[in-house]
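Read from first to last, the chains carry the letters A, B and C; within each, the first residue is number 1.
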Amino acid sequence: MDKYLEIIRIRFLMMLAYRTNYYTGIIIYIINIGAYYFLWKAIYGARGEVEGVSMVQMTTYIAIAWMARAFYFNNIDREIANDVRDGKVATELIRPYNYLLTKLMQALGEGLFRIFLFSLPGMIIVALIFPVNIPVEPELWFYFLVSITFSFIINTQINILTGLSSFFLMNNGGLIRAKRVLIDVFSGLVIPINLYPLWAQDIFKFLPFQSISYTPSMIFSKAFSYGELINALVMQGVWSLILILPIQIIWVYAKRKVIVQGG
Amino acid sequence: MSKIIEVNNLSKDYKITSSRSGLSGAFRDLFSRNYKHVTAVNDVSFHINRGEIVGYIGENGAGKSTTIKMLTGILTPSSGSIVINGMDPHKNREEYVKSIGVVFGQRSQLWWDIAVQESFRLLKKIYKVNDADYKRNMDLINSTLEIEGFLDQPVRKLSLGQRMRCELAAALIHNPQILFLDEPTIGLDVLVKMKIREFLKEINKEYKTTILLTTHDISDIEALCERVIMLDEGKIIYNGELESLRTSYAEGKEIVFEFKEKKAKAALEAATSSLPVTWSHLENDLKWIAKVHKNEISISDVMAAIVEKHEILDLKVREVALEEVIRKIYEEGIRNGQVS
Amino acid sequence: MHSVSVMLQYMAQYIKTRLQYRANLVIEFVSDLMFQGLNLIFILVVFGHTSNLNGWTRDEIIFIYGYFLIPFTLFISFFNIWDFNDRYIVNGELDRVLTRPVHSLFQVILERMELESLLGAITGFIVMGFAAARLNISLSLTDSLLFIPFVLGGTLVYAGIFVMIASIGFWSDARSSIMPMIYNIGNYGRYPVDIYNKAIRFVLTWVLPFAFVGMYPSAFFLHKKEWYTYAYLTPVMGILFFGLAILVWNTGIKRYRGSGS
């Protein structure tokens, strides 16, 4: 376990060395939050609420959705693809650690860095610019933290799956891009899932995407009832378990491919 | 002979910026920077005649690349003048570069993913080369560089040697009057190096192409150049014939003796006391080197003097390697072509 | 003209290169389509809950988005200079560019173009056509004559802004993320500017005039008379900003050649 903690620490320090990039990152996220804020403001117009969600809740939702994205977002799909392309995977496989677990830990190191140096200051700035309502109830913060941990796990699992596709595809740059778009639309980042038509919502129930952004953002903006909240958290837990299965299966095949063809 | 390159009192000062730290630093850097001044090229003057091949040599950071960049119009001089082919390289860049070819050994001119011949076609278009000239040129290039076999391969699949030959061909598609080569043989094996040298001589003879090359490989210089310009800390320290560099800086020749029995230095010195020779030890008292100081005296005098008194197994006469000469010049820091 | 034939040659080379990885090209097309679809889905979902956005109907907003895609994809296809600083200045590729007898910006653009993105313009036409049919908009002769200068004007506005930002690399070697920042601001231009406050509206019109890419010219084709003056300004702003960008670029090149980075 020690070595994985070390991996987290090293990645955290690496991110710290490039921190200037993240200051502008915060500004970019604020620009995006602004774009959706003004759109929603125009949509709300004189109306008090849309689908039971007030404007302040909506603003809070947008803000926290983006700031949570800063935490769960990572590039390990691309990193895995690069390792495969450069043939580095073969050497990684003979090292005394689990390759995928290492990637997960690196992503965690990155995520922890961003939660403290990106999301936290970012959220403070956002709260100063836009009318958001930050919850004060400790139990809500607890649920929220549990929820974004699951978000991180599920998103990273999907990234690992995308990355592993590079074992079987010559060039998976397009696939990585497509996956990113897919997650932004269907995770609830740009549109809260409850605003989609009902038939679409029914489909989304069977997909892991809404567990990534919709669940934590709804918790934070107090738009979930207690029952919905527990239900959504359980779903997140279930998804993070289910996704282990395809990863393990593909990983076994991928390793076999490396051994047979030399990567 | 007519001068094709004329450089007078050329200097280049760099401002080296140091970045401030942090975001506020980055923003402040946008408006005002901290500078350090460095003179890369310092009051350099020389000229090159049409059809000459000249080696431009010096240690890393001596100012070679900076000079080449100014001569090719990439950089503008801080002061001084350059006239090449009647043009000022930095005034009318687009017109000027049509008359030159440039090869940077470390950087590719070709497009990575497409077949070499496609890159050539693109360059043919860029330089407006007509079909007849293109064909004549390519035939000459092919006959020496032998690149035909891999013209249909993308650059990324070529070996370094193959790529370098193509780079050279690419720089010559428009049959430039002047060719600038910056480290053209870096990292290449002996056979490819020889092929490239042979080719450079060929186009120099056929088209009277003037060639200026920088290199760290002295054998390039020995094979190609009659004249060298040597640079140290931005100043020219030697400008002249390669041969006279060797004779005036190198102290004659060396003879390596292998004796049958062990010898003492004193005994050898006694035998050659009337001749300008210094002895040094090579290995296990059997092998000794005699350095002959003046070229005028005959080596046979030295040999005769030794053979008369000592029995020898073997002997070798060798010229002091140019590389050694050049190393010595740098170590001793000779100024302005004066023999120390 | 020489530059046109050079450009065609570059394009031919580009297509040959891209065809080497056909499978990836197809996935890229699909992900581009998905990305364009994402914005459309957003508009459709939002209008499931409201009938108008500050007086603009759903089909009008869709029309603006469809129109916007045309100059935008032209920009993306030909001015893909995101990595200019890293690739050309830090890695020194600019030296090679400067030894060739073609204008440096023109070469950089030709080397970096991504023609496959042009597919987005077709999507744009389809989306716009669909919205126009639902809105019963008829194109008069003047409309169709103005279409091209409007589209080119919008493309040049985008190109001008990003060439100017890329030129910052000539002055500052600090790795900056200004480019993605401005790129995200560009998304503001896809919606009617009157949903924003005065300060943002001013910025989108005069400072980073992204409103001229999508919204102002679309308003002309939607026959919204109150925006006509702005719409007519589109080509002017395009030429102005791009001209300024070339000026900044040339100054930057001069500086680069003075300092050698």
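Here is the rule we go by: a residue touches a chain if its C-beta (ideal position, glycine included) is under 8 Å from a C-beta of that chain, and two chains touch if they have at least 3 such contacts.
Only a predicted model underlies this, so the values are computations on that prediction, with no experimental measurement involved.
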Original post:
Which chain wins if you rank chains by how close their C-alpha centre is to the centre of all protein C-alpha atoms?
Top reply: C
Subject >> Farthest chain relative to chain B (centres taken as mean CA coordinates) >> reply: A
**OP:** Measure off the straight-line distance from the CA centroid of chain B to the CA centroid of chain C, and report it in whole Å.
**Re:** 47
Original post:
In whole angstrom, what separates the CA-based centres of chain A and chain B?
Top reply: 56
Original post:
At what distance in angstrom does the C-alpha mean of chain C lie from that of chain A?
Top reply: 29
Original post:
Of all the residues in chain B, which ones touch at least 2 other chains?
Top reply: 26
Subject >> Residues of chain C engaged with two or more neighbouring chains >> reply: 174, 176
Subject >> Two or more partner chains touched - positions in chain A >> reply: 20, 24
Subject >> Interfacial residue positions of chain A with respect to chain C in the complex >> reply: 20-21, 24-25, 27-28, 31-32, 34-35, 38-39, 41-43, 45, 47, 50-51, 169-175, 177-178, 181-182, 184-185, 190-191, 195-197
Subject >> chain C to chain B touching residues, read off their complex >> reply: 2, 5-6, 9-10, 13, 16-17, 20, 92-93, 95-96, 98-103, 168, 171-174, 176, 254, 257-260
**OP:** In the complex, go through chain C and note every residue touching chain A.
**Re:** 21, 23-28, 30-31, 34-35, 38, 41-42, 45-46, 48-50, 53-54, 174-178, 180-181, 184-185, 187-188, 191, 195-197, 200
Original post:
What residues of chain B sit close enough to touch chain C in their complex?
Top reply: 12, 14-15, 17, 19, 26, 29-30, 66, 69, 72-76, 90, 93-95, 97-98, 100, 102, 104, 107, 109, 111, 113-115, 118-119, 121-122, 125-128, 154
